[in-house]
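Provided herewith is a single structure, encoded as structure tokens, for subsequent inquiry.
Chain lettering (A, B, C and D) follows the sequence in which the chains are written, and residue indices restart at 1 in each chain.
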Amino acid sequence: MDSRRAESFSDGVFAVAITVLVFNLLPIADKTAGGALTLTARHLAHYWAAYLAYVVSFLTIGIMWLNHHTMLSQVTRVNRTVLVLNLFLLMGVVAIPFPTALVADHLTGRDGGGGQATVAAVTYGLVMIAISISFGSMWVYIASHQRALAARRQVHTPRLSTFRFVVGNAGYVAGTLIALVAPVAALIIFGLLAVYYLFEHLPDPSGDGNAETGGE
Amino acid sequence: MDSRRAESFSDGVFAVAITVLVFNLLPIADKTAGGALTLTARHLAHYWAAYLAYVVSFLTIGIMWLNHHTMLSQVTRVNRTVLVLNLFLLMGVVAIPFPTALVADHLTGRDGGGGQATVAAVTYGLVMIAISISFGSMWVYIASHQRALAARRQVHTPRLSTFRFVVGNAGYVAGTLIALVAPVAALIIFGLLAVYYLFEHLPDPSGDGNAETGGE
Amino acid sequence: MDSRRAESFSDGVFAVAITVLVFNLLPIADKTAGGALTLTARHLAHYWAAYLAYVVSFLTIGIMWLNHHTMLSQVTRVNRTVLVLNLFLLMGVVAIPFPTALVADHLTGRDGGGGQATVAAVTYGLVMIAISISFGSMWVYIASHQRALAARRQVHTPRLSTFRFVVGNAGYVAGTLIALVAPVAALIIFGLLAVYYLFEHLPDPSGDGNAETGGE
Amino acid sequence: MDSRRAESFSDGVFAVAITVLVFNLLPIADKTAGGALTLTARHLAHYWAAYLAYVVSFLTIGIMWLNHHTMLSQVTRVNRTVLVLNLFLLMGVVAIPFPTALVADHLTGRDGGGGQATVAAVTYGLVMIAISISFGSMWVYIASHQRALAARRQVHTPRLSTFRFVVGNAGYVAGTLIALVAPVAALIIFGLLAVYYLFEHLPDPSGDGNAETGGE
């Protein structure tokens, strides 16, 4: 199958998944409506965890889209194996709004705090680790089947790229461990990892190592 | 109409439908928030049926997208009949999150178990059978109107393909019957059927019988 | 602006809007969960109005997508006026899940019946009339600005097409009036109108009057 | 990266975000169902704020899509900086349904009125200001890096365009200030600003200053 088709479908899934994140904000309007409650700025501020989780997850999915595109743009066609690996990757990406909702609802102390914030942040981290592993598997497969997938240009640095994946993955593992004692800090670390991936990315198919000016 | 346009719209619908599945997970965050309840790992594990249903339905829609693409890539244009058959097919695909929600909410014993798990799993199976029939109808129509639809390459094995559809369909019927006595087993069977369709697929338009390296 | 871009965005909106319809089914799983209630086939059957509304609205949006595509494929570029008319048309299409939800919740007698079924079905009809008028306006504008929009082929039968729009629109008006006394019958009429538009469609840009074999 | 890819992903996000707006209408069907309440036209009319917010936000996102497309069509490729600015812009656009929900739920007096309508409308305005600033930043960056981004045609009027952004932004600031004393008037102003942007838009890449006939 032409790799463009797989990219196009994946793009659609990424676009929907990133937009679904707003559904973690919408209930705030409901919760503050009705009853004796009057909406004040303080009520809105009360849900800071939901906004933070929204920003972190939005950046994360956005960066994943970027790197997913870079990864698939290495090749011109995909086989069933790539498609299945891709499906598992997307399964993780689509699930992101769920741990985001857990964090949004449970990070603050209002629901009891402590223990449940930990459970929420750890779940978030585990989903990220799963996605990170999917990403790594797909990259390793693509990098080692360049000929069969009609790669646009030989990637000579699978080792370096793999190293980057390991670093990123280690970051998620570290974040998840930190979540055990400091859930809020962990969420901020997950956000910083998105920023990390923003600058430390896969080699561009244009091959000059500078994705910034890479055309097609 | 150019078949690419129909594919593009269908792709969008598949992408949204597959992402909608996460909405069966989001309420878990709400259900575990508020009240006297504290979120624990055990609470999250309690909803295993929702996660299982998510995985099974995600794989199912993903494989359907794959086979839908292969089916439409046989031809270069589509007529109104194909579009209408396609619309009915999509109507079934878009509905998948509904039986998925039924299974997610009713498969476990906590809501009373037994009878209602059966109703949920049987409904799931019936929707799958309906989609399977839609798929079969569309394939039979396309295979028997190859000239009118400007097929890229003559498919000489409609009989074999039809056989595959019948096998797959029989699988869903069997799964639905099993759902009457063992709902959880039925859901697992539906998951295995997705894996079956992953390997037993339609002939690729490249015609060498090897979809793995088939370009356009 | 190239008309393809406008089509592509509109396609995305149509694809999402048609998928949103399933959100009128999802609450059924929740409503039948929890409490002393046990899910039975009869409970599921109880929500027949929701299923009927789903089918009617799905067909309606599907056919609208088809005719929207045919309409925009007449021209090769679009100006701001077309884009604004298109935006109003999409505003109506995106709103369809709302009257669908009204009908799904209020058509059956269980909520009191009678009066409220009428309000729901009439609202449904009014939204359809609004969309129908948007469609007509856009078609009239496109048909009368063919040169400016670089039409692919001169349409010589704007009169006939306009006639068809009037017929379709009259159908929605009639359906809305019927909704005042027989809401269920009205919903079925709206479904039949979708089928009507399925066969009575705009002239195809290939110009041979036979959209079935029209390529690009 | 080819700017078309970034556009395609952004289009998907815009399409989903604009469709998510209907989720502020769907609960109306639920709220009017069940209980002793009978659905009447008056009940539906009661939610006028939700309909007004839907129309204003729909037009706003629609116009933003239009201008976003015009902005990206100036260039043929995008670098990481543009992609990140774009991601922040989309983060604001995707969030729009949230302040829309606040306004829909709190603008009318039924929830207490006064103070909370102000909070809702001010929040709406602040989100708009944030998006407006994102838009301006991205435009300034693109306008000042035309060579690096392989602009299709030199834009000689960044000053005028920047002026337009300042005017638009000042409009949102003014609207937000007005929201402090007259929330409903502020929402109408936000709607008028969408209409303003509809006619006062960015220079078209075709360069003749007339976007209406601008092809690609």
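Assume contacts are C-beta pairs under 8 Å (C-beta built on N, C-alpha and C of every residue); 3 or more make two chains touch, one makes a residue touch a chain.
Quantities reported herein were computed from a predicted structural model and do not represent experimental measurements.
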Query: So which chain is farthest from chain D, going by the mean of the CA atoms in each chain?
result: B
Homomeric contact chain A-chain B: same or different residue positions, threshold half: different
Field: Mean-CA-position distance for chain C and chain A (Å)
entry: 36
- prompt: Any idea how many Å lie between the Cα centroids of chain A and chain D?
  reply: 25
Task: Would you mind listing the residues of chain A that make contact with two or more other chains?
output: 8, 12, 15-16, 23
Footprint of chain A on chain B - complex, ascending: 8, 11-12, 14-16, 18-19, 21-23, 25-26, 28-30, 32-34, 38-41, 43-44, 54-55, 58-59, 62, 65-66, 69, 198-199, 201, 211-216
Message: Looking at the complex, which residues from chain C come into contact with chain D?
response: 1-2, 5, 8-9, 12-13, 15-17, 20, 23-24, 27, 76-77, 79-81, 83-84, 87, 90-91, 94-95, 97-98, 101-102, 104-106, 111-112, 115-116, 119-120, 123, 148, 150
